[in-house]
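Dropping the structures in below, format is structure tokens.
In what comes next, chain A is part of two complexes: it sits with chain B in the first one and with chain C in the second one.
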Partner chain A sequence: MNLRAHHVLLWGLFIAGLMVMPELVSKGTLRTMIFACYLAIFAISWDVLSGRTGYISFGHPFLIGIGAYTTAILSKRFDVPVEISIPLAVVVTMIAGLIVLLPALRIKGSYFALVTLAFMELMYQLVQVIRPDLTGGTRGMSGLQTLTRGALNGYYLAASLMSVLAIIAWLLMRTRVGTALWAIGMNEESVRGSGLSTTRLKAFAFLVSAAIAGLGGAFYVHYLGSIAPRALFDINFLFTIIVAVLIGGAGTIIGPIIGAFFMVFLLEWLRPWLPGAERYFVYGLIALLLYMFQPKGIMAILAGLWVRLKRVTS
Partner chain B sequence: MTQILIQGLLLSGLYALIAMGFMLIFSIGRTLNLAYGAYLMVGGYVYFWLSQQLGLPKIVGIGGAVLVGVLMGLLKHRLIVKTLKGDHVAVEISTLILAVVLQAGVVLVFGDSSKILLPIVPGVVTVAGAQVTYNILVATIISWVVILALYAFVRGTHTGRAMQAVSMDPKGAAISGIDPDRINLITWGISGALGALGGVFFASYTQLYPSMWVAPLIISVAVVIVGGIGSILGTLIVAHIVGFLEVIIVSVWAPELRGVFTMLLIIGVLVMRPQGLFGREETH
Partner chain C sequence: MTYTKGLAVGLMTSLLASTAFAEDIKVGFIGSLSSDTGLSTLRGAEIAIEELNAAGGILGQQITMVSADTGEDVTEGVKAYEYLAETEEVDFIISGSIDDVSLGWLPRMQEFQIPTLDTWTSYIGIIDMVAEDPELMAPYFMNIASDEALATLYINFGADVLKAKMGFDSVVIVAEDTAFGQAITGLVTEALAPVAGIEVKDTIIYDIGTVDFAPIFSKAQSSGADFIYQVSSVNSQVISSQYVKLQVPMAMTGVNVSALGMEYWEDTGGAGGGISTLSPIPSVGFPLDPVSQGFVDTYQAKYTSRPVLPHFNGFNAYHGLKQAMAAAEEAGGFDDVKAWNAAMLKQDLRLEKDGKLWLRYGFWQHGEIEEVTQRTYPQNARFDLTAPYDDAQPSMVVVQWKEDGTVGVVYPFEYASTEFELPSWVK
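Our next item is the complex of A and B:
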């Protein structure tokens, strides 16, 4: 695992920074930060799978949506307490992750991305038609149980969830399994050639990614208190997740978090000038330019600056 | 029964036209152009702006839409695809971002609400008890003419055969004295034109709204995946399978389920037979 003292120090600083944040910023900013935390969780989930193995998933809203809908239906329609419905939601999402894994055993690249996109659209259409008495149909559900009251508690919950998941994912990616997942992204045949079971490795990546997505989705829906198919199974939502990862830097754990915060705050700052969906015009253009300039994201730009700074000072 | 047959034939012709432009890019550039749906949307809006807001003749509207489509295709190849130098994942993701940018751009200019296009050719004809608008009839006929012209172009002309060669083996084509870059540029232009033209018809068949690009994109994806890449005939046949499936499900089952079987078809075919029903084996 190769843990060093400065790793512990940096993570400690990161968490301390998150925890003192409510003292420094207003309530409104705090609410924005809650969204950023949840987006960061989804981004980490996407990154564990697609940022590492190179299997680009366009279906992450599918997994997040399954987690969210499972706990919403269980707690609203069957009065299951959230302590049970959220773990169940994670389990169901992991099973869904195995379904997404099936095509990944045979196809890769663009084709895999397309199948996952089809999964998402399929789910969007099915949710509205099958058992609308359970799912709430096109309009979704509202009045779901919320876990916390007020922006402050909501923030602490979201920030701690994000930190815990980020550290778990970070530790996981520093093990030999994490390295093997990287290797799959570079050359799957040679990984198989080295005697590793790529099927098992991929299954592991899908399960971890699905578990994070399910957990994030479940907590998110219990924060919002409502759920609607078009808000979840939507290309714009997918776009926000992927852009957060890529802007931040794929394959790093801290990158997607930075990306998520950057994008959510950018969207907030644009609100006074562009109140509606037009915001995505500026937002998307900035994302596109940043991505074209440095496909490895903000992390790579920062690393480049760091190297240059060192050269200047020495 | 005849109703289903006629509706199916009309819808499928339109789908074939829409999927054709997507297939060209996928088979020659080897890239998924996720912004392809946005060509349709922009084409529809350009037509709406020229013919309904400025009151120009309809043919000018269609011409303008096609021109903008070509321009978008060329620009995208020059600015994005060439800059990223064939990194497929990067191209796919940047086209996804571009699609969202274009959608937001349309909202910025035309607003969020959906617009209704006046029929391009007004009037209704009754064929064997089925009501058929001239609008969709003309759209289908023009689609067929364009598809046949495209087929003749790809099969008969030097540039068309060069396109086939690049699609099969870019290196081999380059050795034979074809400039793959030029062929790619031409293909992106043609694809943009087909998309914009398809968009005008598609918008007049359904409605004009900023997120209208998702449905035709998914249909194109389905048609191309199931048909296999590089096969105009396969695209044509599968467009009819998808079109008829939709019409049958809408009329005998439930309209809400119209897309479900298209998705299942994509997932099923990709998992069972990744090269598609009519496509050739991929070597890489």
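Our next item is the complex of A and C:
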């Protein structure tokens, strides 16, 4: 796994920074950070699968939505305690992850992306027409149990969840399995030729990605207290996740976190000055310029700065 | 020295200004800043605030407003509510949100307990939440008749006009593939058709990106139905104008959101005659009482961009915000939600036209049962479902655009300014 002392130190500083944040910022900013933490979780989930293996998933909202809807329905309609409904939601999402895996056994590239997009669209239609008495139909459900009250508690929960998932994903990606997943992204045939089972490796990536998505989706819906098909199975939601990864830096764990925080904060900071749709234009423009300047994302920019700093100091 | 003095004076002025600002009553607008309906609520609230401030404000304080755009997105709605509550720390929120957006931010309203008035969402499920948990939902008021009340009266239109007057026995539903489309389709299929004795021959769902409706109209014709019931909220001017241009030989009525605004004629390029739609009140073509007309005059003098005439929710915002402030005055502010709720429930604005009760901005009380539906509508706008509508206005009207570009109310008959008629090309 090749763990070094500075890894522990950096993760420790990262977590300490997150934990001390409520002392430094307003409640309004904490609310923004909560959304950023959940987006970061979804971005990490996408990155574990697509950022590593190269299988670009357009169906991630499908997985997040399954986790969210499972716990929402169980807790709201059947009074199942969230301590049970959330783990169940993760299990159901992992099973759904295997369903998404099936096309990946035969197709890849843009074909795979389109098939996964179809999963999202299918789910969008299904939750509206199949048992709307359970799903809430087109309008969704409101008044779901929330796990916390107030910005502070919500922030600690979201930041802790994000940190734990980020560290687990980071550790996993530093194992030999993680390296093999990277290799699949670069040349799947070579990996297969080396005697490794790419099917098993891909199944592993899909399951881990689905577990993170399901857990994130379940906690997210119990933070919001409401759920609607239009909010989850939506192309904008999908693009937000993917752009967070690309802006931050795909194939890293910190990159998607930075990308998620960058995107959420940029939009919220623009709100007082540009309350209408103009802020999306400015936000899109900044994201585009950033991507054009460094296609490998903010992580690459930071890495470059770090190298320069080291050169200057030496 | 001069510079230092100037700086000191500047700082003092800023400090005083910020102190005065902090004492203002702060209103938050939540809704879409890019839709005609969202802008109607925003502008209605702005005019009400200007008038209240000109009259001295409330509780000796001036009223200010900040807005938070939802972009009609559910998650953005939650963020917008949080922004208003925790960053702007508003005292009162006025909403121009659609159903699922309101449902999205409702848990935040329950958490923050900020008095909130919804001027556009008409979802009966929210009123059910008020009935189930009045304490938790105490800050919430909806001053548009709920969708159930709208549908109930629309069934009468089906029976009185479509069935009795026009002799229609069957319908084909042409509905867009949206949450709104599916909800209305359900209401028509389950309520209008069976109660009015009209058979649903077929239901055609179309994508909101559809630009060529010829095959859809062709399929509708082949169903053998007497008329088309359209359900269209997104780009609904497209289906209307193609209906006119293609001269589809069937009557078409239903719900057409673009026809709710005065821009409809321009948006359809003058090809929108014959279209009728259900509309909350006041609608286009709805004769106004002097007070509401005064609001429209001020609105049109102040705003030159669309919507040139506020949608119904603009009126709701204008009258509703004044009522919310009057309730706050009685309750000593917005902090005591229970006291504000009690004062808000007492608000009752009766507007007359030619000596007749024309519009009433009041609320159903807790436990008060409406006669026709035999159910309660606590904290929902008061409406009347029975002619001659002497307790309040009807929950909705049906308006029809004529081929000469004029528009009028065709139902209920007591509020009608014109008669429902078939387009000239329909035999």
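Quick notes on this one:
Here is the rule we go by: the second predicted complex is superposed on the first by the 308 of 314 C-alpha atoms of A that agree within 3 Å, B and C clash if a C-alpha of one lies under 4 Å from a C-alpha of the other, contacts with A are read in each partner's own complex, and residues count from 1 in each chain.
Throughout what follows, a residue touches a chain if its C-beta (ideal position, glycine included) is under 8 Å from a C-beta of that chain, and two chains touch if they have at least 3 such contacts.
Quick caveat: nothing in here was measured; it's all calculated off a predicted structure.
Once the two complexes are overlaid through chain A, chain B and chain C clash, as defined at the top of the document. Once the two complexes are laid over each other on the shared chain, residue contacts for A:151 go to chain C alone; chain B is not touched. When the shared chain is aligned, chain B comes close enough to touch A:102, but chain C does not. In the superposed model, A:239 lies in contact with chain B only, and not with chain C.
By the touch criterion stated above, A:118 is placed in contact with chain B alone, chain C being left untouched.
With both structures placed on the common chain, the touch criterion links A:126 to chain B but leaves chain C unconnected. Of the two partner chains placed by superposition, only chain B is touched by A:285; chain C is not. Within the superposed three-chain model, A:142 lies in touch with chain C and out of touch with chain B [touch as defined at top].
Comparing the two interfaces of chain A, the one with chain B and the one with chain C have residues 128-129, 236, 276-277, 279-280 in common.
The part of chain B that touches chain A in the complex is made up of residues 31-32, 80, 83-84, 87-90, 92-94, 96-101, 103-105, 107-108, 112, 210-211, 214, 218, 221-222, 225, 254, 256-257, 259-260, 263-264, 266-267, 270-271, 274.
Against chain B, the residues of chain A that register as touching in their complex are 54, 56, 102-103, 106-107, 109-111, 113-115, 117-119, 121-122, 125-126, 128-129, 235-236, 239, 242-243, 246, 274, 276-281, 283-285, 287-288, 291-292, 295. Touching chain C in their complex are the following residues of chain A: 26-29, 31-32, 35, 128-129, 137-144, 146, 149-151, 224-226, 228-231, 236-237, 268, 271, 275-277, 279-280. Here chain C touches chain A in the complex through residues 33-34, 67-69, 71, 73-75, 78-79, 82-83, 86-88, 99-100, 103-108, 110-111, 123, 125-126, 129, 178-180, 182-183, going by the rule given at the top.
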